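Pasting the structures in now, so scroll down.
After this come two complexes, each holding chain A, first together with chain B and then together with chain C.
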Partner chain A sequence: MQGNRLYEGQKLALKYFTVAIVLFGAQLLFGLIAAIQYLYPSFLFNTLDFSIARMVHINALVVWLLYAMIGAVYWLLPDEAGVEVVGVKLGTLAFYILTAAVAVVVLVYIFVQVGPGNEMTLWLITEGREYIEAPRWADIGIVAVVLVFLYNVYATVLKGKHSGILVVLMADLIALAGLYLAGMFYTDNIAVDQYWWWWVVHLWVEATWEVYVAAVGGYILIKTLNANRQVVEMWLWIEVAMMFGSGILGLGHHYFWIGTPEYWWEIGALFSALEPVPLVGLFVHVLYDWGKERGKGNSIKNIPAFAWLTVETFGNFLGAGVWGFMHTLPQINLYTHGTQWPAAHGHLAFFGAYVAIMISAIYLAVQGKAGLKEMKMTKAGWWAISLITVGVLLMTVSLTLSAYTQTMVERGMHGATWEGYFIAQANKWFVQGMGWRLASGLAVVAGYALLVYDLLTVTKKQPAEVTEGEAAVQTA
Partner chain B sequence: MEYYLQDIPHTDFLHIFVVSAMIIIFGMGYAAFFTVVKMKLLNRYFMIAAYLSWTIQAACMYYLGVLLRVEPYTQKVLIGAMVGYLIFPHIVYFVLDKVHRRLEHETEVNQI
Partner chain C sequence: MENKPTSVWTSNRFWRRSATWITGVAAVLLILLTFDSMGQMQMGTAEDIQNKVTKRIPSPVVINYKIDYVLDPYRGHEVPIIGGKTVDSATGKVSSKFEEKEKFFGRDDWSEEEARALIHKGKLTIQAKNCMDCHTLLGNGAYYAPDLTKAWLDPAWSSEGPLQAMTGANSKEEAMATFLQNPDKYPTHERMMPNLGITPEEAKAVVAYLKFMSAIDTNGFPRNFGKIKGAVDARK
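== the complex of A and B ==
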């Protein structure tokens, strides 16, 4: 280990990555519980109901991705800016506060679960907004922590070099932090409340997070392939324009059925159809850089990180692009929303777009921490990436099978009635899809265990020619 | 707006899902073949596969419009999108290649 060569900001990044991986495990555990409950509804009934297991499953996903995102920024920030992170002590304090707050919120979710539905519930237990259920005290805490993070990023970049990647990140993080505020106020009208709530959920996931991924992806390409910085940064600006162009008004596909005016149907349809285009662009970009650098005889500096980046490119394309487009147009979405279609799309899209690239960034940090010039893939690493990727793909196909049954039986044949709902839930194809989803979930959990093992041991299992003459990559 | 969303028979659902997926998959096929051939990683005859992918994609898009019973405005938007997508990889590749050439030229000049 040559940890002494790391910037303090990068040491802080490692702390964020560690908590991220732990929360990733929590996400999988609660996902597994929810998957069992689909097949055996009495499992943990009245102890940890499906609504709670699902809530913790999704919130853990959002929070671990945020941890990993903050970690990745703290990792690349001093490397790109060429100076130590300004306010790193404040950042470390914010990290401990955030982690303590997350622990308290999760314990309240699990042991208190619900409140009387008054102001006290809103402030202390849950706000009840799907995906961002954190109580208001935690919301305010999150905003404070993010403000510290923003200060650190801005102060560091202003002090050091202003690379294109950092400038894009600076603009994106402002939008990312600002949009969270749209989910913090409460309105009595559920349609109005949903209108603003989607600003956080959609504009985070399909605009600001996508731009973030493009920036971090660019950094990983430079680090793993020695890709030309000017090409990477030029492409980054094109992607930013395309992602904001299609992503912002793509918001319309969430406004089809919540009581907003009907013009959102056309806006949502048009811009949702455009959303896969930047993903195709990202794919071409990675292919282009890989082909160019391969032609020059350059080797891949971190094979696990590059492998996960490749999974990101394909997974993002399949999950967000293919599975998104299959049910995004309002004509067909009328029959698919509220079924397992969004679940099938969401699982592969989140895995492809965000989980894979965050694991890639973590491998980059593992390499940097050990000071290796190159990092090869281990057997455990191959098994981990294979089990997790195949598991999520199988999960997506299984959920699609159940979703198709629901759409046909519940929506098409029984006209979205309660009777149709229960008939569809009991249909053997729906149940079989859920069974396969559970099996694939177990494969993902096995892959996760191997991933953790590999992250802890990969640097010790490198061939001799790689470890000889090692030097800190991030300071090279 | 009643005209905009018409009932779709459930017997069309499977076709709609499959055709939607094909649109995106052949769209990627077009971009991938185009890029790989342009970078000389594949024989230039494979460019036929690129344009064939786009043609299948366009046909799928047309069929999707029929299945969804879209109104005339959306029909025009879908056709416009397909024409735009035909041009899109050309523009992206042109820009990327220009930047690379300029950088390589600058490097050579600096070395001299």
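== the complex of A and C ==
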């Protein structure tokens, strides 16, 4: 940390983090609306239908994570490279353009919603492709903004130090940005459409985003635990090897049933079954470092950030690894594909793999902004992490129970017809699961309110004099 | 600077090189497989159908034919059948005859050009109305409404089905198109489809797309479609 003196790049990071947290709130609000509609379908019917609520829910999630991801890179970039971010003015301009564009897209989503069946709608209103619905004009804007971001990362690293973390990020970010282009075209052939759509969706969340998390997680370990950089970077390369080694061809598990050749059954099954392996490595690594530093009597420099990183490693392994593996084999996926199973998996995976680590990075920035050497957990922060984590876990279990019911009743008994679908949706156990999902969603919203409060006040609520010696005793 | 590692297993250089090689090999394999898949997934032509060539994604002129979804003992799962089926007596493999026609909006002679224009409009409408944010198509999308992969073959829309009767239409395609234009007028369940302002032309095009989509070879997804209806229904 540089005390109170922040790099300009880090000030830009704070802007990105602020918008990220606001969009996180929007994500929860629209998720709540969608969850209510499952139980009370007339809620906002023909005004703000499920399709819109659900689209805003997920788009807000994706966009706030991207904001936080860009923010975290701008935060660590000058710190790691040891020089100011090169094009920081351009970066700030890109930030305002992106934010204005996001605001327009969201307003159009909410107030225009749908358009006539022609190309104009795809250019101006929505592309109607799940997760990447943003209209084409916004796609082009996003690409322009990302190019500015990439320029800043590359130019800064080339000018400063090339740490292993930065090298991994440079390679990963260019792949991440390039993949977005695979989602920017139209075809009448829905099988080909979905084939390339998965290149964006899967190769983001199950490959490049995971590697991003490993790199930023390494940085957070160094900052919170003073972990040995050489060890952290060795683990990082091992994780890159395992994540790309399993994740790239793990793409095959989306190619079982969309008009693709059968060989994807074997390829998808094998490689996606390997995908949890690096995620085990990630949390073993974090716990190992924690134990080692504790053994030396070293204190944790930022307890909230470290706590969220721990949630990340377990959540990533459980949500992405275990819950993903549960329905990834084609023999099982034939019945679970297109049910609440992916919803159960998606909620814990996104929370575990991405939300938790981004909150961790934001706590790190909060500490850096105040120039604190050490930061303790407050009561509000403790309640926030508990409510959000337990809430998402409960939500996942609830959705899993609904998913089981749907799979057995709709797919097993009735064979996926219209009638079979609605019989399963009306099943008591299915409905109960949806009820618990809504309840746990309310817990997450309460946790979010506390999180926002804590992020704003945590630095002012620190114990007056936390010397390093005292801190070591308390955490040991 | 890196300390001299005591073993190759703790050498950053070794792991960096491994990561680069593994990523490179995986990426190259994916690209090669993609070329192969794209070849197999190209949309068929009317000529293919005339020559009785089965394609994973058939020509849009399949809207002129009767489409079915039957168990293929050879492949071990259901396959779409276009225009009647033939069975290989040795292997049990079933394949399409491409003979039995079926009128679609009163015609069974939609030309390739007309059929393509229709499904083009249908696909654009499916995207413009965000169908995927409630329904699943080929199993992908949201889970708030029924899967549409084989919706064309759903017994509920057949001449004996409750949905066709509800709209008062005389054919499956007319029933579906009528419903799509005013779904909130036909409340089948408490959870209804909202009115998305779908025009008659758009509705016709969407129904054409649904018929076309039901003829895509999805490796047996969804399993047992509509087969157990009536046999294991707890409500009856």
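In this text, the second predicted complex is superposed on the first by the 462 of 476 C-alpha atoms of A that agree within 3 Å, B and C clash if a C-alpha of one lies under 4 Å from a C-alpha of the other, contacts with A are read in each partner's own complex, and residues count from 1 in each chain.
Definition applied: contacts are C-beta pairs under 8 Å (C-beta built on N, C-alpha and C of every residue); 3 or more make two chains touch, one makes a residue touch a chain.
Computed from a prediction, not measured in an experiment: that's the story for all the values here.
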Partner chain(s) touched by A:281 [first = chain B, second = chain C, both, neither]: first
Touching partner for A:49 - first (chain B), second (chain C), both, neither: second
Partner chain in contact with A:39 - chain B first, chain C second, else both or neither: neither
Touched partner set for A:334, first chain B, second chain C, both or neither: both
Per-residue touch tally on chain A - higher for chain B or for chain C: C
Partner chain(s) touched by A:413 [first = chain B, second = chain C, both, neither]: both
Which of chain B and chain C A:266 touches, first, second, both or neither: first
Partner chain(s) touched by A:181 [first = chain B, second = chain C, both, neither]: neither
Contacts of A:230 with chain B and chain C, given as first, second, both or neither: both
Residues of chain A contacting chain B in one complex and chain C in the other: 230, 234, 238, 262, 265, 334-335, 411, 413
Residues of chain A defined as touching chain C within the complex: 34, 37-38, 41-42, 45-46, 49-52, 54-55, 113-119, 121-122, 125-130, 133, 164, 186, 188-195, 230, 233-234, 237-238, 240-241, 244-245, 248-249, 251, 254-265, 267, 334-335, 337-340, 342-343, 406, 411, 413-423, 425
Interface residues, chain A side, partner chain B - complex: 228, 230-231, 234-235, 238, 262, 265-266, 269-270, 273-274, 276-277, 280-281, 283-285, 287-288, 291-292, 295, 317, 321-323, 325-327, 329-332, 334-335, 404, 407-408, 411-413
Complex contacts: residues of chain C adjacent to chain A: 2-3, 10-12, 15-16, 18-19, 22-23, 26-27, 29-30, 33-34, 36-38, 40-43, 56-57, 116, 119-134, 136-147, 150-151, 154-157, 163, 184, 188-192, 194-199, 202, 205-206, 213, 216-229, 232-235
Chain B to chain A touching residues, read off their complex: 1, 4-6, 8-10, 13-14, 16-17, 20-21, 23-25, 27-28, 31-32, 35-36, 39, 41, 68-70, 73-74, 77-78, 81, 85, 88-89, 92-93, 95-96, 99-100, 103
